[in-house]
Each structure stands twice: as C-alpha cells, then as structure tokens.
Amino acid sequence: MKLIIAIIQPHRLDDVKRELYAADVNLITVSEVLGHGRQVGVDEFYRGVKETGNLLRKIQVEIAVNEDYVEPSIKAIIKGARTGKIGDGKIWVLDLPRVIRIRTGEEGSKAIG
Amino acid sequence: MPTTPSPINGGDTAWVLISTALVMLMTPGLALFYGGMVRRKNVLGILMQCMICLALISVLWVVYGYSLAFGKGNAFIGGFDWAMLKGVGQDAYPDYAPGIPHQAFMIFQAMFAVITPALIIGSFAERMKFSSFVVFTTLWLTFVYCPIAHMVWGLGGFLRTLGALDFAGGTVVHINAGIAGLITALYLGKRLGTDKPGMHNVPFIVIGAALLWFGWFGFNAGSALAANGLAANAFVVTNTAAAAAALSWALMEWIFAGKPTMVGTVSGAVAGLVAITPAAGFVDIGGALIIGLLVSVICYMMVAFVKAKLGYDDTLDAFGVHGIGGAFGALATGLLAQKAVNSAGADGLFYGNPTQFIIQIKAVLFTVVYSAIVTWVICFVVDKVMGLRAASEDEVMGLDLSQHHERAYTILD
Amino acid sequence: MPTTPSPINGGDTAWVLISTALVMLMTPGLALFYGGMVRRKNVLGILMQCMICLALISVLWVVYGYSLAFGKGNAFIGGFDWAMLKGVGQDAYPDYAPGIPHQAFMIFQAMFAVITPALIIGSFAERMKFSSFVVFTTLWLTFVYCPIAHMVWGLGGFLRTLGALDFAGGTVVHINAGIAGLITALYLGKRLGTDKPGMHNVPFIVIGAALLWFGWFGFNAGSALAANGLAANAFVVTNTAAAAAALSWALMEWIFAGKPTMVGTVSGAVAGLVAITPAAGFVDIGGALIIGLLVSVICYMMVAFVKAKLGYDDTLDAFGVHGIGGAFGALATGLLAQKAVNSAGADGLFYGNPTQFIIQIKAVLFTVVYSAIVTWVICFVVDKVMGLRAASEDEVMGLDLSQHHERAYTILD
Amino acid sequence: MPTTPSPINGGDTAWVLISTALVMLMTPGLALFYGGMVRRKNVLGILMQCMICLALISVLWVVYGYSLAFGKGNAFIGGFDWAMLKGVGQDAYPDYAPGIPHQAFMIFQAMFAVITPALIIGSFAERMKFSSFVVFTTLWLTFVYCPIAHMVWGLGGFLRTLGALDFAGGTVVHINAGIAGLITALYLGKRLGTDKPGMHNVPFIVIGAALLWFGWFGFNAGSALAANGLAANAFVVTNTAAAAAALSWALMEWIFAGKPTMVGTVSGAVAGLVAITPAAGFVDIGGALIIGLLVSVICYMMVAFVKAKLGYDDTLDAFGVHGIGGAFGALATGLLAQKAVNSAGADGLFYGNPTQFIIQIKAVLFTVVYSAIVTWVICFVVDKVMGLRAASEDEVMGLDLSQHHERAYTILD
Amino acid sequence: MKLIIAIIQPHRLDDVKRELYAADVNLITVSEVLGHGRQVGVDEFYRGVKETGNLLRKIQVEIAVNEDYVEPSIKAIIKGARTGKIGDGKIWVLDLPRVIRIRTGEEGSKAIG
Amino acid sequence: MKLIIAIIQPHRLDDVKRELYAADVNLITVSEVLGHGRQVGVDEFYRGVKETGNLLRKIQVEIAVNEDYVEPSIKAIIKGARTGKIGDGKIWVLDLPRVIRIRTGEEGSKAIG
C-alpha cells in the first residue's frame, strides 16, 4: 500500500476531488498548509512596510491506497491540479506497510477503503 | 444661510445627530454582513469597498452631492448652489427640517448617500476591479443616486410632487441599489469556479446584521427629523417588521430546508428592515407585522428558487433582498398607509385611497427603469474605458491579495 | 389613545429612543459574549438563540406581552386591553412616563423583555434542542417574565405597591433570569464530554462585553425615562460599578489564580452592571463603588469555587453572575439607597430605614421562588411534550450543524 | 452642589449623555483596532490593557482624577475639593456646562481620561509587563493627563488663559498620548524577533476603526456640550476630515506602494479624526477638507519612511498617527479657525489673526515637552522599582499566555 | 522505529490522549484536518442553497515510537477512538528510519521519547 | 530521496527558514500543529477553572530532498531551531521513493527541487 501526499493550489481542490472520485478514489484527508517554492508570492504592504509574501497558501491531500490505485490516483491529481503555471505543487508517494480501520480493527488492503 | 431663521430645538437636534451616527455605523455593519459571506480571500475586498463608499461619498456629498440632490433645481435634479455647503449653515432650513441645523439635515442625508452604493457591492462581490469600483461608485452617486433622491425628496422633485410616499428610502435607497445590483451582476457575469456564497465567518454576518438593525433605528426613526410621536411610531414599526421578517424567513427554511439557519434569520431581519423603510412613518403595528411576515416569504422564494432558476450571480443577494424587499415595501405602503399615523402622509388602498397605490406603482416603476438604464450605461462606459472586472488570475488569487496587497488573517502568527 | 394627553418633550423622547436602541444592541452583544465562550461547533447555536429572542419576543411583546405586563390587570398580572398596542399611541401615558410617547415607553420595555430570556441561554448552552428552546422561551416570557414585570413595575403590581425598589430590573431581569438558568441547568444535567467553557474566541467575548457595557447606559440611565439629573446619576453609578467590579474580579484572579485574565475582567464588569441595575437611580458614587467592588468577590467565589463544589453545569454562569449578582444588587439597594439621590425613591438601612431592606429581601425571595417553580414546570412540560435536550449525537456533532445545518467558520476557504 | 443652580436642558443632556456612551465605546473600539494589528499571541495583552484603562481610570476619575483636572486649583493643576465627587451633583455647573447636570459633564470628561492612556498602548504593544502597565497608567493619569487637562480646559488653567484653542482634545489627548508613546517606545526598545506589525486579523482592525469613527462623533460633536448648531458643525467637519484623510492615505499607498490597502485606509481615517479634534468647533468644511487631505500625507510619510529611517519601534504607530496628527491638527487650528463658525473661538492666521497661530505653537510645544519629560520619569521610576518590560521568555511566549494565562483562540475546539 | 498516523473523530481526542498516556505514550503531535470517507456529512444550507457537506472535521495524531510501543499505541488509539460508527477513522503505520532530537542532536531510539 | 519532517517552536520558524535557504534548501511546506511532549505548558485559567495547557503550538516543516541534501537540511534545521530548552522538537526522516511535479509530470530527483 502507498500513502500519496499531494501539495496543490487551494483553488484546484474541487477539481482534484472531482477527478479522484471519478477515478473511484473516495477516501481522502485534506489540510491547509503554507508553501515556499518557486512560485513568487505577491508583496504585501502594511502601513507602507513591504513584506515579501514567501509563504503561500496550499492544500495538502493525503490518500492511502492499494498498489493498483496508485497510478490512477496520481493521474487524477495531476488532471485536477495542473494549471501549467509555477506553483502547481508536488506529489509524494510513501510506502505504507500497515493500515488499520479503527471502527472494525481490520488491517491491510481491506482496511484501506 | 437659509432665509427664514427658525429656532433650533435641542431634543430634535440631539435625535437627528445621534441618528446620523447610527446610520453612519450601518455601512461598517454592512461591510461585516457582506464580508462574513464571502470567501476568506475576498473579505478585505468587501470591507475596502464599503469603507471607501463611506470615505469617498462623505467627501463628494459635501462638495457637490448634497447640492445636486437637495439644492434648488428642476423636477429631476438639484443644482450647484449649495456646492461646498455654501449657505448650508448652523441655522435651520425649515423647508426640509425646521428645528434642527441645516447642517444636521445635510449630514443625516449624507449617510443615506453613503450606504446606498455600498448595498450594491453585494451583487458584484468577489469580482470587480478596485479602481473601476471607485469610478463606478462616483458616477453612480452622481447620475443615479442624486437625481433619484432629488425626485423623491427634493423640493420640486417630480415624484415628491406626484405624492409618492417614501418615508426613509424604499425607492431612493433599496430599490435603487437592488436594481443597480442586478444590472452589475448581469453585466459582469458569474464568478469563476463557484456559484455559492462562501460564508467564511457567520459570526461576522451576525454582528453586521445587528449593527444594521441598530443603525436602522436612526435610518427610519431619524427620518422623522424630530424626537416626537412619529419618530416613536417609526421606531416601533421598524423593530416589529424586522422581527417578524426574521421569524418568517426562519420558518420558510424550517419548511423548505429542514432547519432554520442563522444566516437565514438575519437575512430575514434585513429584508424586514428594507421593506418597512418606505412605510415606517405611515403604517401602524398591524401594517408592520403584515409587511414583515410577507417580505421574507417573497425574498426567500426569490433567493432560494428564482435566482437558482434564472442563473444570474447576485452573489450576496443585494437584488434579492434590497431590490425585491424594497419594491414590496414601497407597494405595501400604498396599501397600508394611514393618515391616522401621520397626518402629513396619506391613506393607502386598504384605507380607501386606491390612488396612493397607483402612485406607489408609478414611483417604483420609474425608479426601476431609471436605475436599470443608467446603471447599465455606467457599467458599459467604465468597462470600455478601464475594464470593470478583475483579471481572472486576480479573481482566483482573491481580491485581498490582488487588489490590496494584504491578507485578512495570518495563518501562523 | 391615553386619556390624559400630556406634551411630548423632545429631549426626553430622544433619550428614551436612543436608550431603547442601546438596549436592543445588548442582545447581540450578549450573543457575542456567550458565543465566544462556547466551543466552535456551538457558536451559532448561541447566536441563533439570542437573535431568536430578539425576533420572537419583539413580536410577542407588541401582540400581547406589553399588555400582559403593563396593561390594566390585578396585582399579579396585566390584561389584554393593550393587545396589538390598541390605545398605545404617539401621546404620552403619564402614569408610566410623562413627556414621551407611550409607544416609546412600550418599545423601551420591549428590549428588557427581549434580553431577559436571552440571559438564561448561558446556563443551558450547548445542549438544548432548538425547537424546544422556542417553545420554552415563549412560555417563559408569558408565565414568568410578564407576571414578574407586572408585579414589580406595573400599575397596581404587588411588589410595586409593597415599595420594592428596582430601578432598572435587578429582580425582573437578572434574578429572574439567573434563577431560571439554574433550574434549566439542573433540569438538563451536564453537557456530554466536557465541563469547561470552550472559550473559542476571547475577542468576541470582549466585543460582546463592550456592547453590553455600552448598551447598559441605555438600560439604566434610560430607565430615568427623561434626560435629567437622575439619568446622569444613573449613568455615572453604572459606569463606576462596572469599572470597580472589573477591577475587583481581576484582583480576585490575581490572588487566587496567579494572573488577572481578560475573560475574568469582563465577567467582573458584567457582574458590576448587573448589581448596579436595581440601584442605579437610588445610590450615589460611594454606593456604586461598594456595590461594584463587592459583587465580583461574591460572584467569583460562586463561579470558581461553589459551582465546582456543587457540580451543576451552569455553562456560562448565567446563574453565577446574573442570579447572584442581581440578588446582591437588590439587597444592596435596600442598604445604600438615598432619598438625596432620588426623592421618589427611599432611604436604605444605612440611611436609617431598615424597613426598606426587609422589603428588598421579600422581593428577592418572592422572585426567586416564583421564577424557580414556574421555570421548572415549563421545563417539565416542554420536556414531556417534545423533549428539552438535544439528541446526544446532535450534541456531539455540535448545535450548529445539528440544529441549524450550517457551520460558523469555513476551514479552507 | 454648584453655587448657581441653572435649569437642565433635556435635549442638551440627552446629547451629552449619549455622546459619553459613544466615547466610552471608543476604548473597546481602540482595543480591536490595536488588537487586530498584533500577533495572535498578544491580542489579549492589548485588549486587557485597553479594558483595564476603562475600568481603572473610570474609578480613579471619580475618586480624584476629575477633581485634579477640573477642580479649583492653580494654573497647572486642580485640587481635591471634588474628590469622591463631593459637590458634583445633578444640577448644572454653568462655568463648565450650563444646561446639563454637572455629573454629565464629569462623566463625559471621564471617557476622555480613559482613552488617552489607552492610545499610548499602541507604542509599547507586545512587550510591557502587565503589572507595570497598571502602575504606569495610574501614574501617567495623575501626573501627565490631569495636569495637561487642567492647563488646557480647567478654570484658571494656564494654556486656557493663554487662549489656546483645543475643541476636543488635540493637545490634551492626542499630542499628549502620542509623545508619551514615543517615549515609552524609545525607553523599552524594540520587540524581540520582529519589527513588523503582526496584522493577525484585519477585519478586527476595521471594526475597531468603525467604532472609533462612530464614537468620535460623541468625542467632537459632544464637546459642544449642547445639541445645537455648533454640535452639528463639529459633527460635519469630523466626518469630512475622517473621510478625506482615509482617501488621501489610500492615495498615498496607491502612489508609493502600488495598491491602496484596508489597513491604510482606516489608518488614514483615524489620522483625520485625530487632526480635526482640536479644530472641530472652529473650522468650516473647507478647513476640514484641507486638514483631512494633508494629515494623511504627513502621517504616511512619518510611518512609512521616517520611522523606518529612525528605527524606533512605535509598534502600532501611536506616535506616528496620534502624536504627529494631533500636532498637525492643533497647528492647523491656528491657521484655519474662524469666528464665523464659533463666536466663542478665534480667527486663525488665514483669517487675519497670526497671534492665534503663535499661541497654538506654544501650546503644542509646551505639551510635547511636558509630556515627554514626565513620561520619561515615570518610565524610569517604574522600571527601577519593578521592571517595565516583560521577561524575554514571556515576550516570546506571548503576552496572552504569559501575562494572563489564557489564549485568545482555541485551535481545535 | 515507526511513525503512526491516526485520523480520528474530533470529539474522541481527549479519550485518545488519555488512553495513550495510560499506555505510557506521552509524546504526540496533533493537527486539524478534513476528511472525506464513508461517513455521510450533514447537508448544509446557505440562503436556501444546499451544500452537501463532504469534508468533515477530523483530527490527525502523529506519534513516533520505538517498535515495542507500536502495538500498545495502536491499541490505545483504538480504545480511545472507537465509537463503532462509520467515520471512526484509520491508523497508518510508516517506517521511520531516522529520528533526531533538535535540542540535543541525539539520534534514534533515545531521541524518540 | 527523503521526506524530512521537523516539529519546531513557532518563534523559530523565521530562523529555520533563513538557515534552510542559506543551505540552498528552498522548497518547504509548513503547517501549524499542536504538540504534547516533555515541555510543560502554562496553566490556563477560565473563570477560575484551571486548564492544564497540555497541547502547545508547534510548527511542522516538511521538506522533500535528494540524498545529498539530507545532512545539510538537518543541520540547518537544528541551527535555526535549537534554543537548548525543552520543547525544541524533533526531526523525522522518512524514505521517499517517488516524487512527481504536478506542473510538468517530471518524476524523481529532478522533480524534487
């Protein structure tokens, strides 16, 4: 099993969700993060003092999937998140040796979905 | 200085000055009411537009707006005699308001001029370019608000002469702003990527609504321009209509959506306040209950069903609440007005005077048509000259960062 | 129309109308004060209950409440003569308030009727079913508030005849609401899974407290029903008691918990405002300082130690602050009242008139017993008919989502 | 009791009482204005300091402050005759304010005494120890505010006798607080680890600014101490200057930083309100526009460029806005005052009376020097006795947790 | 060493913490996330417009532990978090090859606790 | 490739960022978390009721890096975050087998930066 972590632009979340559901990936966990990358932020001004906006709002999406869902999930995320402009973000794929469903205590592949 | 010096009454002056302060507070109240409804990235866009209305129009009003709206002129517009407040002094000007300084009347009216364009913001929220907004608002004040105010309230104004009843601004403020809102929403088209209100902070919406309700006592009861029985009547019916409309909106939701909501309840209160505005000095408690209970039914239908059907993006329902509610109120005044409440008013249809209802219809229609056409022209001109809508990447980034280079909330600190 | 026309005084009318607006603002202020104290998932539950008090009672009051409380009746309750405000017009009704329109007096009183049941919300916060809340509040207004208001303030009311002093609502508003709060808290039992206040947004608590303080000037000084020296006295002692009580609560915390807190300081201010309410038109600055300094000591003990010992879940301390503070204030009035401040009042024990203190004790006891019993009966009836408490999964989910299908704050947008 | 009983005027009393309530609301407004500007971990520190100003000074004022500032004394300070409000009753004291109860005048003045030390908080925000703050504020009220108030407004006060014009507190309130702010900022040095404002919640800043604007009508127009033409004039110029200054600050930003910001716009409004304060009863609409448009240019330069150059940490610009704006307003009064506006005032330089300008310069210089020296002494004494600055680990942790053992917002609940 | 990540119902956090401490697992990191899973959210209504609540508030708990604490930690989480209703959440267990304590620079097992 | 996760004191974030940039590590993702560890929080009081502050504000920093950047990143984090007092936090290093850049679809080492 794999844990897929994607950092995306906030305004693409709805599209990413739509593409994931279309790919039959229905269980996701989402959180708000701040990112510093290649994308240049807007300078902010407070009482005339410039603050170089270097932490931009991003959304982090975590998805635990079985092996055969890895490629479809990645494709779906890219389809939903890509704008082609700098700042679109990254996908990280980690090994996930063990998954437990709290409600039933089930483990492994059948716990993941 | 006015030609007929008349004694200043302390009680009346105190009442009009504090009413002015209350009405002033409505614009920040509106800013919160609207600001809580948008997405987090656009809240400063809303607050800024509202506060700029307060700042910009306060200045324009003393420079030429008051003169254009209330100064000597023809049936459609005033003149420039009172520009820079020349002759608008500390004495009373009895033709508008005996017993209070002319300046007090002027500044009370200023706050109405401030909030009217601010109401429109709800319709084009989350997508107008800021610089264009400033130009739009200046033109709209000059070519829509001032003429309509003159026609309805100014000496010699044509709707005033016709006998249209508008105690505190049903036509001048609410229909006017509501229709302008609809036009701007249609002109600009839908927002990108969403068609729902953001509702990022409901407590702000409630604080805003509370300040609106509070300020509306100044708006309506202050329009008596004296601290007397009529002011008390206006105060009472204002509160009653707001309350009844809050309840009936909540009830509509209970029926159609399963639960009454906080946003719905305060939306209802605002609808009630809108609808009672033209009627406040003419109807009694029975009239207020009828107006309040019915306006929410109509506005709820409009906002929940008709808007969805027709598909325009009146983002925060400035048209759905102020336009529709204002029109309903103006017409209801033609039904429910009573000379027993205000001898300077008139009886409505239900009190044996169908003419008044016809007059009200005429006033509403005229305002709708005038406001729609001129607002559309202004949109068109501003759009051609400088573009009315924010660039799409600016809209996606949010108006706070793109138009004002600041964000409303820090995330980490 | 009242039988004795008497001239309307502009200054007094302006003062009572603006005071009414101030008192109206207290209910949204209370909503924020309470709303900031609960957990994030219940804030709209609080705001909604408060705003529904404003809407619902505003309507009930003009329909029958005012008549029941202030209309002609017997020693315990008024009648229905003034239902739908029949005969409550723009002229003065000198037996209650000469110099201002009867409607102004009526609407001023309306705001007291609005906020009293809203105060109770603090005790049963985070766990009452919304529909039951609406029924509870309607019954409570009718069977508890209106009778007590009539007995204390109404013509012929039995506690009024007895000579009980209650300038602006120590018994009618605060003891009454506080005791009702205790009963509801006991009846409903503790919240699930927590016994602490949530304190999700302390700045909201401070804004709320500030609006309460601001509005309380209308509450107390407006109760003079005229813009005169007595109003000024009430204004001054109100501010002084609030300030002194804020300081002494902060000091109690400094001593017992190591640091003065923001929540504590404004809780103290509210306790001071509560305690000065019955006394505001009868005591001087010395009395105000004593009342302010002592009330926080008592309420702090109550809230920090006694409540924890006894173990009832008076969630936001409506009983601990309003019930206890109100009782203290009503008794202190019997000690510190001076005819030198208000010739229409009476001297208290410390000024040589022990009878007054006895009368105050009687009035407090009567209010406590009456409010406790009738509130308990209402709880019982509503509970049997429709269930008083929210389902436990609703309570866990939070009242915002479960009772109103909305959430207060978006997380991502 | 005052020696010359004079009749109480209801309208004037209503106006002064409601103005007092408005000015009271400014301190919580300021709390929000400042509170939104700091980092999340320090917001309660700000709110607490502001609310403690309200509580503490309300008490000190009735105990001895009013007497020291307005009681009989010499040219520099009053005495203790009116301590505990002895002789300050419900009748008028015509030498200060005929037509309103002496207590009304006293409590109106109390609110000025409350907000002045609260303004200073902006300069030393995020780093003063709370206990030291309490001592600092008490000493500052006693040894800086009361004397300056006496000199400018008290009977026999030396700047009053000199003929200095200060309608509502340009010197007494704003220059005084601004200079004190600069001194405290210099004395304490910079904050640890940051030199930028935190701006954790801009909507709070806007709510705060709106309440300040609203309250300032009471501050300035209430200073007429009557509901008359002069009050109306003060009201109008106050609104105009605020509006013009908001616009010109926004414009400065548009020019120098690319976009107008929300924080800038409301900062400009506050600067305009500050600058018109001494002038409100003496200048006309033209004067108000000039003052408003110019003050933001000066304050913006100060805050955006000069401060950065000089490198002191005037955290929230109490000096940059109140000190500089107040001095500008006081001098501008010496240029733009007109007897045509207020016959009890004087003509300024532009109206043919250069002496007035000289007098204003003297008054400003005197206030600057006096405030600077005594404030520095107070800082020094408090620092030596108990330490003025929070421990550095407390500063890092934030004042909310370290000074008050509470946090402003929960994260999870 | 393992990194245990649990997604739980917000109102179970106190119980989970209590159970973990009881199992002598004292060091945890907590954050707020939004989850989409099997659990059906409440429909929300804003001005009559229905919004299907598809992202529900959840709490994410991260715990870095030595091997012998893995089972006790999982048991404690389940004990604290289980309500038996859909939405109870998941536990993910990742390999954690390296841990460093910033304060001391210590590495590995002794840095973990 | 590795995924470095650091839990640090909030007020050290600026220093950590500065050190990371100095070490040429420019891409980071940051979020707000709450931590319970050895560090003892301040007791909080609400209306006289004590609440033992057991969840303290922390910042989580996530950095995906190629192998040769692992040591420099860890050093930079320690340099920026260390105060020497309890509560400085932890660094976790996870294996990161796969990285994708959403914008370009690139994978692996060249997608990481």
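Per-chain residue numbering starts at 1, and chain names A, B, C, D, E and F are given in the order in which the chains are listed.
We adopt the following convention: a contact is a pair of C-beta atoms (placed from the backbone, for glycine too) under 8 Å apart; a residue touches a chain by one contact, two chains touch by 3 or more.
Since we're looking at a predicted model, the values are computed, not measured.
Peer 1: Between chain B and chain F, which partner chains are common?
Peer 2: In this structure, the chains that contact chain F and also chain B are A, C, D, E.
Peer 1: Which chains does chain B share as contact partners with chain D?
Peer 2: A, C, E, F
Peer 1: Look at the interfaces A-B and B-E and say which one is made up of more C-beta pairs in contact.
Peer 2: Higher C-beta contact count between the two pairs: B-E.
Peer 1: If you average the CA atoms of chain A and of chain C, how far apart do the two points sit, in angstrom?
Peer 2: Chain A and chain C have C-alpha centres separated by 51 Å.
Peer 1: Could you work out how far the Cα centre of chain C sits from that of chain D, in whole Å?
Peer 2: Their C-alpha centroids are separated by 33 Å.
Peer 1: Where does chain F touch two or more other chains at once, residue-wise?
Peer 2: Within chain F, the residues that touch at least two other chains are 30-32, 34, 43, 45-46, 55, 94-95.
Peer 1: Among the residues of chain C, which are close enough to touch at least two other chains?
Peer 2: Residues 9-12, 14-15, 18, 199, 201, 207, 227, 257-259, 261, 263, 405-407, 411-413.
Peer 1: Work through the pairs of chains, note which ones touch, and then classify the graph as line, ring, star, complete or other.
Peer 2: Its topology is that of a complete graph.
Peer 1: Considering the complex alone, what residue numbers of chain F touch chain C?
Peer 2: Answer in residue numbers: 43, 45-51.
Peer 1: In the complex, go through chain D and note every residue touching chain B.
Peer 2: Per the touch definition, chain D meets chain B at residues 9-12, 14-15, 18, 22, 39-41, 198-203, 206-207, 210, 213-214, 217-218, 221, 226-233, 235-236, 239-240, 242-244, 246-247, 250, 257-263, 265-266, 269, 284-286, 289.
Peer 1: Which residues of chain B touch chain A in the complex?
Peer 2: Against chain A, the touching part of chain B is residues 193, 396-397, 401-402, 405-407, 411-412.
Peer 1: Which residues of chain E touch chain C in their complex?
Peer 2: Residues 11, 14, 32, 34, 42-46, 53, 55, 57 of chain E touch chain C in their complex.
Peer 1: Which residues of chain F touch chain E in their complex?
Peer 2: Spelled out, the residues of chain F in touch with chain E are 6-8, 31-38, 54-55, 58, 60, 74, 77-78, 81-95.
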